[in-house]
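Across the two complexes that follow, subunit A remains constant while its partner is subunit B and subsequently subunit C.
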Partner chain A sequence: MMQALRRSSKMYGAIAAMVPKLYLAYSIWFWMEFVVQILSMTIFVYFWKAVYANSATIAGLDLRQTLNYILLAQILVPVVQNRTIFNFGFLVREGMVGIELLRPMDFQTRYYVESLAGLALSLVLKLPLLLIAWLVFGLTLPSAPAAWGAFALSLLLGQAILFYFDWIFACLAFYSTETWGLSVVREGMALFFSGAILPLNMMPAWLQGVANLLPFAQSLYVPVSFLSGITPVSDAPRAWLVQLVWLVGLVIASRVVFSVSVRKVTVQGG
Partner chain B sequence: MLRYLNLYGWFLMQRFKILMEYRMNFLIGASSTVFIQAAGLLAIWVVMGQIPTLQGWSFDEILLVYGLLTLAKSINHMFADNLWTIGWSYIRSGGFDRFLVRPIDPLFHLLAERFCHDGIGNFLVGAVLVARSSTALGIPWTPLNLFYVVVAVLSGGGIFIALNLITATSAFWIMDSIPLTQIIFNTNDFARFPLTIYNRGIQVVLTWLIPYGFASFYPASFLLGRDIGWLAWASPLVAAILLLISFRVWLFGLRHYSGTGS
Partner chain C sequence: MPIIRVDNLTKVYRINQKDPGLSGAVKALFRPRHINKVAVDHIHFSVEPGEVVGYIGVNGAGKSTTIKLLTGILMPSAGQVQVMGRDPHRQRVANARDIGVVFGQRSQLWWDLALIESLNLVARIYDVDPARYKQLLDQFSETLELKDLLRVPIRNMSLGQKMRAELAATLIHEPKVVYLDEPTIGLDLIVKERIREFIKEQNRTKGTTVILTTHDLGDIEELCRRVIIIDNGRLIYDGPISTIKDRFGKYRTITFDTLAPVGQPGTDFNIPEGAELVTNGHSAEDRKLVLRFDRTVTSASRVAASLMNEVEVTDFSLSEPGLASIIKQIYNGALAEAEVSEADEAGSQPLSGGHDQDVFGRYCEPSEGVETGP
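== the complex of A and B ==
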C-alpha cells in the first residue's frame, strides 16, 4: 500500500515537474503577458476611479475594497482558464487518445495534477505583477492569517471544481471538432460569471442567481472575496461546504460523462 | 489598382470556398467573438446601472465609443489578420519567399491570402452597438453623419492595420513578432472608454503616439456634439500618415529580409 502510494506520487510528481519546463521555454511570452496585464490593470484602476467619482460606496463596497478585489481577481484569473478541451481536441486529432488511455496511470488524475501544477506555476509567475499591484496601484492585503487560510483552501477547492467541470465540457471534443469556438464561448462565460471583471455582489439579483448556478464563481469570486474582505472569514466553513458539494457532484459526473462519451471517439487516422 | 481589386476578389472567393467546406466551423468562428464581447459589455451594463454617469458619459454614450472601436477593430480583424502570424507561419517556414517571386506586391499577397471570418462577428456587434446607441441618443442619421461614421470607421481600421504592420515588421529580424504586436494592440482597450477618465499622459499617448483615440473617442465626441475642436476631423489624416509610416517601415524590413534558410 505504502509502496504503491510512493510510486504513484513519484509518477505524478514527474508530471507536475514537466509543466514549468514547458513554460520557461517561452520566456518572451511571459514578458508579453506581464506588460499586457499591467496595461489592463491600469485600465481597470482608472475605470473604477471614474465609477466612484460621485459615489462613496457601490453595493456596499468602497473604492479601496473594489480595487483590492479587481487587482486580486486579475492576478488570479489563470484559475478560470483551462486547457482541457484543447488537450482533448489535440488527442483526438492526433489519434493519441488511445495511447493515453493505455498508460499505467489514471488518465483524469494525471491531468488534474498537471492543471494544479500549472496553476501553482502561473501564480508564482504572477508575483512580479502582485508587486506592481502593491507598489503602483496600492493593493492592500489582509494581515490576518485566517483570511489567508480561508482563501487558500477555497482556491484549492475552486480549482478542482473547475477542473472537473471542464473535464465534462471537454468531452464535447469527442463529438465536435470545433474545439476553438466552444472554448471561446466558455471563456466568455467564465470571465463574466467567475467575477473576474467585476465583483458578483454588484450584479442584479437575477444575474447573481445565474452565477450561483454555474461553477465559475466557486474558483475565483469565492476565494478572492475572502482576501479583499467582501466575505468575512466567519463565513468560510459554509463556503467550503458548498464547494465540497460542488466538487463531489462534479467528480462523479465527470467520470460518468467521460466513460460514456469516450466510446464516441473516432480517431481520425492519427 | 483595378487589377489588385480584381485579384482581391479572386483571393476572397478562394478563401470562402475553403471556409464553406466547413460550414459549422465558419458559423462558430464568426459568432464566437460575440461571446467575449458580451462578457465585457455586460460588465459595463451592470456597473452603469449603479451610477448615473461615468464622469459625465451616459451608458449609451459609452456604448457609442465602444461600438466605434469595435467596428474599427473588426476591419483589421477581417482584412489584416495575417499580420499576426507572419513570423511563424510565413517567415520561419520559408513560405514568405513564395510571395517574393510572384508578380504582385508581397504585402498585398500576404493580406489577401487570408480573409478572417472571425472578424464578421465583431463587425456585427460594433454595427449593432453604434445603431442602438445613436438611436437612443437621438443622433440624426443625416447623410453627413453617415459619411462621417463610415470615414471614421475606415480611418480607425487603418490605424489598427498600420500599428499592426509596424510591429509585425519586426518579424523580419526576430521571427516571433506576436508578443510585440500583442502589447501595442492591447493598448486599444484603453480606447473603449472616454479618454477623459485617464490622466494627461495616457491621453497624450493614445492621441499622438498610439492613436487609438481617433478610432473611438474623438469621432464619438463629434457625433455627440462635444467640443473637441479640429480633432473631430483629424482621424483620416492620422490614419493616412500612420499608414504611410507603416508602409515605409515594412519596406525597410523587407529590404533586410534574408530568409531563415529553411
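== the complex of A and C ==
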C-alpha cells in the first residue's frame, strides 16, 4: 500500500513537473500572453468605469467591489480555460490516443494531474499581472487568512469539478472523433456562466438560475467571490459542501462514461 | 507456458460510408450508413517467452490491429488475448507496465522536450531504479549512438534519430514483451542494421519476447526464426521461416540469352518434365527465355542441355528465390492454392512439405541471381 502510494506520487509528480517544461519550450509564447493579458485587463477596467459613470451601485455592488471582482476573475480565468475537450479530440483524430493509453497509469488521473499542474503554472505566470492590478488598478486583497483559505479550497474543488465535467464531454471524441466545435461552445459558455466577464449577481434572475445549474460558476465565481469580499467567509462551509456534491457526482459519472466509451476506441491512421 | 496466447481473436470495425461530393456528405448527416469490416478474423496463436516472431502481411491485412489488440488499446470484438496471464484490455495499466511498444509511425516521446527529459520522465513513470537507469542509459547511448542526441528536442531529430530514441525509451524499463510495429519504416540501411542489432541483443541478453511487424524482409531474416503471415485478417501461415523457404524454394529459375530472336510468344520448345517455360518474351524480337524447374524432379543441366539443343545460347543465369519473392508468392495466394490442392489430393496438413504439385500461379521475379557462364 505504502509502496504503491510512493510509486504513484513519484509517477504523477513527474507528469506534473513536465508541464512547465512543455510550456516554456516556446518562450515567445510567454511574452505574447503577458502583453495580451495586460491589454485585456485594461479594457475591462475602462469598460466597467464607463458602466458606473451614471450609477453608484449595480446589483448592490459599487465600482470598487466590481473592479476588485473583475480584476481577480481575469487573473484566475485559467481555471475555466481547461482544454480537455479539445485535446481529447486531437488525441483521437491523430491516432495518438493509442500511445497515451499505453502509459502505465490511470488515464484520467494522469490528465487531472496535468490539468492541475497547468492551473498552478498559469497562476504563477499571472503574478506579474497581479502586481500590476494591485499597483495600477488599485486591487485590494483581504488580509484575513480565513478568506484566503476559503478561496484556496474552493478553487481546488472548483478546478476538479470542471475537469471531470469536461471529461464527460471529451469522451464524445471516442464516438465523433471531432470535438473542436464542442470545445468552442464550451469555452464561450464557460466564460459567461463562470462569472469571468461579469459577476453572476448582476445577471437577471433566470440567467442566474441557469448559471447555478451549470458547474462553471463553481470553479470561478465561488472562489473569486471569497477573495473579493462578495461572499462572507462564514458562508464557506456551505459553499464547500455544494462543491463537494458536484465533485462526487461528476467523478462517478465521468468514470462510468470513460469506461464505456473507451471500448469504442479506434486508433486512426495505420 | 506461453507468454502470449491468442484465441479466436476477432476485431470488427464499423466504418462510416459516405457518397462522394458535398451531396454525399450532407446525405451522410441525415442517413449515416455503416459497413462492418472484419480486420482480424478468428486468429489463433501463442508465443513462448524469448521468441522473436515476425508478423507479416500486406498493407491492411490486420497487422497493426492485432498489435493494438495485443497491447490492450483495442477491445476485441470476439475471442481472447492473454499476455502474461492478463487480459490486456481489462488490465490495461498493469499490462502496460510489463510491455514496450514502438509504433513506427508515431512517437511516444514528448515532441518539445529534449530526449534526455523524455527518457527521465519515462524512467520515472515506469519506476526504474535510478542506478539501473543510469547503467541502461549508458548502454543504450552506446549501442544506439544517442550520446549527441540527448540534449536535442525530438522535433529537431531526423527519422532515423527519432526511431533510435524511440527504441531507447521503449526498452529502458526492460519490458518482458516488446511489440515493434514497423520499426524500420523509412530508415536507411545503416540505421536499420543498428536497430536490428539492438533488438537482437536485447532478446539475447534479457530474453525479451519480440513481436515484430514489418514490410522489410531483411528484418525478418535477421531477427526471426518464426513468422506468422496474415492476409485479409486471417492467419495463413504460422511456422518457421525455413519451412516456407524449403517449401517454395525448391523451384529455380534459369534465364537464357539467345543469339537469335526466340520467335513468337507461344513457340514450343522441347523441355524436360518438371520444368516449364515462364516466358519467351513479349514479342518475336525478344532474345530471352525464362524457365522454371522443380529441382526435386529435374536438374539444371538437363534443362539447360535440352534447351541448348534447340537454340543458340549466349549466356544464362540460374537463380533461387529469395525470401522476398517467396513472400510475394504467398501474398499473391500461392499458399492458399497449395493448401487447396493438397487438401483435395491427400488431406494432409498444410505446408507439411513433400508434395510435388506446382503452386506457382504467377510469374515471379527471381531475386538472387547466380551468374553462370556457358
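Note that in this section the second predicted complex is superposed on the first by the 267 of 270 C-alpha atoms of A that agree within 3 Å, B and C clash if a C-alpha of one lies under 4 Å from a C-alpha of the other, contacts with A are read in each partner's own complex, and residues count from 1 in each chain.
Simple rule for what comes next: a residue touches a chain if its C-beta (ideal position, glycine included) is under 8 Å from a C-beta of that chain, and two chains touch if they have at least 3 such contacts.
It should be emphasised that the depicted structure is a prediction, and the values quoted were computed from it without experimental measurement.
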Dominant toucher of subunit A (residue count), subunit B or subunit C: B
Partner chain in contact with A:Leu102 - subunit B first, subunit C second, else both or neither: second
First (subunit B), second (subunit C), both or neither touched by A:Ser40: first
Subunit B versus subunit C as contact partner of A:Val51, first or second or both or neither: first
Subunit B versus subunit C as contact partner of A:Glu187, first or second or both or neither: first
Partner chain in contact with A:Ser143 - subunit B first, subunit C second, else both or neither: neither
First (subunit B), second (subunit C), both or neither touched by A:Trp29: first
Interface residues, subunit C side, partner subunit A - complex: 13, 64, 68, 71-75, 92-94, 96-97, 99, 101, 103, 105-108, 110, 112-113, 117, 120-121, 124-127, 153
Subunit A-facing residues of subunit B, complex: 24-25, 28-29, 31-33, 35-40, 42-43, 46-47, 49-55, 176, 178-180, 182-183, 186-187, 189-190, 192-193, 197-199, 202
Subunit A residues touching subunit C - in the complex, by the definition given at the top: 7, 10-11, 13-15, 18, 21-22, 25-26, 95-99, 101-106, 262-263, 265-267, 269-270
Complex interface listing, subunit A residues touching subunit B: 28-29, 31-32, 35-36, 39-40, 42-43, 46-47, 49-51, 53-55, 58-59, 176-178, 180-182, 184-185, 187-189, 191-192, 197-198, 202-204, 207
